[in-house]
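When the chains are written out, they are named A, B, C, D and E in that same order, and each has its own residue count from 1.
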Amino acid sequence: MNLIIFSGLLGVVMMFCGLFIKNNRTISYIAIAAMLFLLLVNTIEFTTGNGFFTIKAAAGLLQPSKYGLLVNEILLVAGILYFVLSGRDIEKVGVHVADYYALIFFVFAGIGIATSYTSLLMLFLGIEIISIPLYILTGADKLNLKSNEASLKYFLMGSFSTGLMLMGIALIYGATGSFAVFKMNIAETPVTYNMVAGMLLLLVSMAFKVSAAPFHFWTPDVYDGAPTVFTSFMATIVKVAAFIAFIRVFEGSYSSLNKKWQLVIAIIIAATLLIGNITAVFQQSVKRMLAYSSIAQAGFMLFGLFAFNDLARQGIVLYAAAYSFATIGIFSVLIKMDDHTFEGFNGFAKKEPLLAGLLTVFVLSLAGIPLTAGFFSKYFMIAGALSTGGTYLWLIILAMLCAAISVYYYFRIIQAMYFKTGEAEHTAVSVPFKLTLVLVAVLVIVLGVMPQVLLQYIYF
Amino acid sequence: MNNDLQLAWLVPLFPLLGFLINGLLRNTLSKKLTGIIGSGTILLSFIVSVWMFIQVKNGNTHVANYFDFISVGSLSIPFAFQVDQLSSLFLLIITGVGFLIHVYSTSYMHEEKSNDFARYFSYLNLFVFSMLLLVLGANYVIMFIGWEGVGLCSYLLIGYWFKNTAFNNAAKKAFVMNRIGDLGFLIAVFWIINQFGTTTYSEIFRQLPGGVNTGILTGITLCLFVGAMGKSAQIPLYTWLPDAMAGPTPVSALIHAATMVTAGIYMIARSNIMYSLAPTTMSVVAVVGLATAILAATIALKQNDIKKVLAYSTVSQLGYMFLGLGVGAYTGSVFHVMTHAFFKALLFLGAGSVIHAMHHQQDMRYYGGLKKYMPVTHLTMLIGCLAIAGIPPFSGFFSKDEILVAAYAHSPILYYIGLGGALMTAFYMFRMYAMTFMGTHRSDLHHHHPHESPMEMTVPLIILAILAAGAGFLGIPELFKADSHWLSGFLEPVFKQSNTILSEHHVSHSTEWILLALSVGLIIAMIVWAVRKFSKYQLLEEAATGFGKVLENKWYVDELYDAVIVKPVLGLGSFFNTVIEKSGIDKAVNGVGRLVQFGSRKFRLVQSGNVGNYVLMMVVSIILLIWMVFYLKF
Amino acid sequence: MLLLLLILIPFLAGTLVFFLPTPAIVKSVAFIASLASLAIVLYAISLPHNHAMVSYSTSWIGALNSRFSLAFDGAGKITSLLTAVSFPIIFLATWKNTYKNANQFYGLMLLTMAGLMGVFLATDCLLFYFFWELALVPAYFLCSTWGGERRIPVSFKFFIYTFVGSLMMLIGIIYLYNKTPDQSFAWSSFTRAVLTPKEQAFFFWFFFVAFAIKMPIFPFHTWQPDTYEQSPTATTMVLSGIMVKMGVFAVIRWLLPLFPQMSTNMAPLVITLSVIGMLYASLIAMRQDDLKRLVAYSSIAHIGLMCAALFVKNQSGYEGVLIQMFNHGINIIGLWIVIDLIEQQTGIRKMSQLGGLATKAPTLAIMLVVVALANIALPLTNGFVGEFLMFNGLFQYNIWYAVIAGISIILAAVYTLGMIQKVFYGESNEALVVKDLRSNESLALSLIIIMIVAFGIFPKPLLQLTQQGLNGIISFAVK
Amino acid sequence: MPINYYIYLAVILFCIGVTGVLTRRNAIIIFMCIELMLNAVNLLLVAFSKMHHARALVADANTTVGTEAQLFVFFIMVVAAAEVSVGLAIIVMMYRNVHNVDINFLNRLKN
Amino acid sequence: MNITQLLFWFLSVVSVFSAIMVITRKNPVYSVLYLIIAFFAISGHYILMNAQFLAIVNIIVYAGAIMVLFLFVLMLMNLNKESEPAKNKYLVWSGAVAGGLLMFVIIAALHTGEVEQVNGITKGNIGLIKDLGVSLFSEYVVPFEISSILFLSAMVGAVIIGKKEKAKHS
């Protein structure tokens, strides 16, 4: 609750900052401070279990859970890192810097809803509050046709998927007579055809939001076209939030419909992994490659939905952290590069050994190499899936093969940086930037060596 | 443990020290010192061997355990030496002949640079060391160590002049062919371990007879025999030996005539009980031996290289030894090993002396009339030829006769064929003798001044000549004098068990007399023919034709092997390398990568950039999902 | 505690080295760290089997019930000894080589060492997997950065290939973990995992493929010749001397105890593959002109024998493999040192262009001959003992396997002697400038040769070392 | 009326909307079709709301069951209004840049 | 067939017909007008179901405000001609087929379900403004307030996107 209210308020504050403060840098600092404040209030709620506000009316609609709050924590940390690393670049997108920040804070309000809703109404509102600012941020670079195009595509397809979601919700309502998520639990309500069709449509629309194949088509284009700073935000924080929302929807209902859903989700996972990984292989632009890689990573995260057990829940948290941190790190460096293709990284290690080293850590994490957080996140996903039995072994093998394919394109960055010669042109980076990036890398490695640092909070 | 023979380790120790000193200090030692160390260590070994021989003769035999070489579970292979009649006899031959040849070498190799000279002696010492290990080993594994060790030294010495590619090829060929045999040996060792749980001779033989069924014994012995084929140059693995003549002549004398090549005979004699219990193998051994004897003899008839003649003669004589083993005349074979060691070493060293005199000219067609230039060499060579031809009372007569008579007792056909070989032996040896020493000299004397070799070379010749002439008296057949076969008596403990198993058939004295007379008569006739034919030999540049050509080209066996084995194997290698490896497996592996890239190129076309298409595909997916969930009964 | 040090010393030294300025200091630190590891290994070996100092366990990932536990058993002893012995020798032999960014090179080498030590010591399956990958990553960087012309695609293929295998193993690990009685990654729990025969048959291959690629076994070997050819020699030494032993080691430590029944059932297939690989690799080795590729293929042949001997499941085979792991590691490092010298001094690796080096570099020639002879398992060299035992094991399993595999002995002689002949013998090529050994190289080679001869004549210390841990394996293997 | 009729009607309208999205290229019309889809959903929700309400009335005359769906429809309208403002802004922005509202006109992002 | 049923059928036919017209008219302005008709028909359905509040809101917000906005934009862009270029024939057909198929599949899927015969669908007064208002400001005050964030962001967005930028930020 704290997060929703305060980030809404802070969004407004940021809007007004735009009016009164002309210095973009100051706005950025205020935004960072605001984000720290959000982290603080969320931490208070997380540790004490109580928000500052008790709203009786919210009882059936929002129910903050430890799990959701933990995810919020991660996302807020990621948000702070994102602001610190990419604040300068947000300033460069356009003139409405304060408004961009305001929109981002609104998105965080949406995230707060998405991680704590118990009613499909709130899910709908949360998703929309997340989506609408993103349509705008995507199109923030107004004179750039790519940005225009991405924005339009995102908006049209996003609205379309909203339509699908609403249809699904309506059908579910028809079957259960309620929007409460727990009502979807089949133990409470008999399975009807309405219900199944509704859940299917809901599944589809949520799959769209997390860019799971075959509903992923918007992702590469939008991520590619959007200003890189906002791609970074969308591909990490927003995506994770969408995942949490996705999982909350099906948490209650899923187990009872297990077998059928498992196959459906297995097919989606397989398609996502294959399309994401294979298409990424041939990309020339790192940005677009990262877009496909985010699809591929979504495939892995979907295992959490596939398995729905403790391991998978832990895995989702870990994955959220590992994936967000690493991707934010990579994007923050990518933004600084003049050339966003792989060739643009040629010889980077010679010019910026530290940045190259950190980038390597992030890339290794995304590839799931041990000693980085990426390994354990993948590990938990696979372990969760395997503990449901051996029926879907083919899927797991496929996932592993895809992980191997992912090494192919991730390592192209490493190859370009270290083994190829060239002049990697980039804008200069500040020392705080480097220090923050080091911090991110340390986080990635710590989670990769001792994941319990994070996992212990799930059940404490 | 208090047995004096525990000191058997001294015997191989000296050559090993010689090897190490000569090898490590090769750049600092003078040639003289090298020679002294090289020969001296062998002499010391010889002295110890003599001492041990006396001990053994007095009835003291011993198995000396030193340490566990390999010990795995129930299998324990000690590093142990066995000193008994057989091994002590071989020790004497090896160290004795070896010493003479070392001495001979100091002169023969004198032209080498000092570090090469030292290298030569270190190899030679290492060889003696390995050979001693082979003979002394108390189990098959130690024997195998020596077995491979001598092969290695043979390789190193054949390729001693390593700048010459042909010599290197000869060395490689020798090693590889030996390895083929070694594989057989190894398999046999494993089989023995499998059957007996040990490799120690005494423990194996204790379990025989009756411990293991005949079929398995046949297998084991055949595998061992494959090993012997390689080492002792029997069909089909004999072709390396003539090529091995690429090495320095003393090496040929020591390794490829006197000692190493007889390792196969030693090994079979050592395992005689197993062989006696496997009659099939015995027949195989006999037949292979005889066939080799004849084949090599025919080839020797037409060779012009003096060393090649001797090499084929060696192969042929080894064939006789195997014939002897095959018909159960173990003592005869060992006897022949001994006499052969003397006269063949003598012949080789003599040939070496000639070659030395002729400035490394080895083609007999350019010799002739050397009698007057090299009297000592001539005389000793003549004794050697008479010995090998089997003229009484030279040693070869006794030993070869013993084998042939035993073959006759086994089957007259073997005897007649063997006799044919013996006649050929007489013919080609005296062909060589006549071409070398008789007639007139056929090369340009202005450039070649044949001269008698120095004393370091002639003294060993003389000693060997004496031995070649007189050694036969160690085994006088019963025909002449009852119980006068000293060797038979000496070796009796070793072959006792076999002799009872085989229950020798004896040839009556009258038959034996007839056979003797027949063979000696025919051999003398052959000698006369050969001498008459070749003493007036004139150098003619005409190519041999017909059968002669086949013989000159060694029955085209090398070519056959090349076509049937070498080329196909190399071809297979190329095929694997280029086709299967590069275009097959690696292509397949890379193909997976390519497939992914190809898929990537195609997949990304789906991402057409067209929102309509995207939505269409989403809708189609939804339709499929609904259809799946509702209509697919899964 | 000692075991932790074995991993920590190279790890910390490796990290430290990254920040050191001059190559000389870097080399010294690396060398000292490797020597320290050697000293610790030797001390640890001298301790009694169940001494408190030679086992280590602390909690690691509570959520998964995975512990950071290390142990020092027979197979681990021999392989960690190999690692500890090899690295100082490698550093010594390449002391005079100059590498661009020496600090990174040595840092990565030490990190590889840490990973290898971890693989050999870990008794927790997850930890094992961790180190398994960890050894791979620095090796990849080493190959890719300091390798030959085609280093980037080649080392990448190497990485992906082995990575695929590892991932398969990871599936297997997770599956088995679910089937363990107490949901733990401990070796002892894994061996008690309850699997149906079908699962066994299935997951056996998941593990085996990973190990087979690492070893490598035909037909998973194609990464290897390229990688050896393209890697910097010091890395090639690590790869061929130690890293391929990871696969063999893993079969002993994990595969056989985990799938006792299946490893018996699958043995004919595995052994057949191995034997085919031996002959195949030997035949190809005969046709190689490039020294490095020749040695690479010879290594495939040797490893094939080890793999075959592992699956015959008798003591002779096991001990042969264990002892051969060490000896082959030493021998092949020796070979690489010689080849590196030749390449550095002449700039040529093609045998057809070399020749007559024995005249110019007699000491080098002799040392190569000794090492090469050990490589073809001549008696009284260390190679013999292992091969003898392995062939013996194979024979006890089935005579025909031994006979057919034995052909590779002959082929080994052909290509090894061919190599010696082409490189060292014959008329010397005047154009080639070759100096004989320098002090550091001759010291390294001498050490290797001393080990070759010493363990060839008196292999008992090694055999005793292996015997201790073997009882455990055998009891599982025949279960 | 049987609830099914409403379901069918809503689905038909919804699918007409989908078809419109699929077949048209004018961004504004596509957007309108999406609005049509939303309206179909609204209709369905109201129908369900009445259905559940009627079912609940049997037990309790003062029941408020069904309110939530109608409010949901209200929120859908709210969101739709917000969406329209943003969507039209985006379309206008694009039109300003390229003077076209054809969705296929801008096609730089692909593959 | 009573009057309710008659009205139901009438409104259904009108709504479906105008919906089809929306997607088939070449001239966007016609589409907008047909869409408004469709919205009116749907509002009629609401009234039929005694959901008066929604019926009014639908007409005011949708048919009134939103559609006028559309129309306004269309006029602004001068798109009132049949300016839409012909879409790829196959794509149009496949789109139509896919849409039809989706309908078919969903209806078929739902058809197999048990038919809920709800009599007296017009009964009850939850659709009245008063009831909904009470509910909205008590139980549903949280989403109500939260939707203000939505509007804020839409507003900010419209400003960001709509405001003419002088020049691209250097």
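Assume a contact is a pair of C-beta atoms (placed from the backbone, for glycine too) under 8 Å apart; a residue touches a chain by one contact, two chains touch by 3 or more.
Computed from a prediction, not measured in an experiment: that's the story for all the values here.
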Problem set entry | Chain-contact steps, minimal, separating subunit D from subunit C | 2
For this session: Could you name all chains that are in contact with subunit C and with subunit E at the same time?
Result: A, B
For this session: Compare the CA centroid of subunit D with every other chain's and tell me the farthest one.
Result: B
Exercise. Chain with the smallest distance from its CA centroid to the overall CA centroid?
Worked result: C
Exercise. Does A-B or A-E have the larger number of C-beta pairs in contact?
Worked result: A-E
Problem set entry | Chain located farthest away, centre of subunit C as origin (C-alpha) | E
Problem set entry | CA centroid of subunit A to CA centroid of subunit C, Å | 42
Exercise. Using the average of all C-alpha atoms in each chain as its centre, how far is it in Å between subunit D and subunit E?
Worked result: 5
Exercise. In angstrom, rounded to a whole number, how far apart do the mean CA points of subunit A and subunit D lie?
Worked result: 27
Problem set entry | Averaged-CA centre spacing for the pair subunit C and subunit B, given as whole angstrom | 37
Exercise. By residue number and range, which residues of subunit A touch two or more other chains?
Worked result: 121, 125, 128, 132, 135-136, 139, 142-143, 151-153, 156, 160, 171, 193-194, 196-197, 220-221, 408
For this session: Would you please write down the residue numbers of subunit C that are in contact with two or more other chains?
Result: 160
Exercise. On subunit B, where are the residues touching two or more other chains?
Worked result: 593, 604, 607, 609, 611-613, 615-616, 619, 622, 626, 630
Problem set entry | Which chain pairs touch, all of them | A-B, A-C, A-D, A-E, B-C, B-D, B-E, D-E
Problem set entry | Footprint of subunit A on subunit B - complex, ascending | 593, 596-597, 599-601, 603-604, 606-607, 609, 611, 613-615, 617-618, 621-622, 625-626, 628-630, 634
Problem set entry | In the complex with subunit B, residue positions of subunit E that touch it | 87, 91, 94-95, 98-99, 101-102, 105-106, 108-109, 112
Problem set entry | Complex interface listing, subunit B residues touching subunit C | 67-73, 75, 115, 141, 144-145, 147-149, 152, 155, 159, 162-165, 168-169, 171-172, 175-176, 179-180, 182-183, 186-187, 189-191, 193-194, 569-570, 572-574, 576-577, 580-581, 585-586, 589-590, 593
Exercise. Once bound in the complex, which stretches of subunit A touch subunit B?
Worked result: 152-153, 156-157, 160-161, 164, 193, 196-197, 200-201, 204, 208, 214-215, 217-218, 220-221, 259-260, 263-264, 267, 275, 278-283, 405, 408
Exercise. What residues of subunit C sit close enough to touch subunit A in their complex?
Worked result: 60-64, 129-130, 133-134, 137, 141, 144-145, 151-152, 156, 159-160, 163-164, 167-168, 170-171, 174-175, 177-178, 199, 202
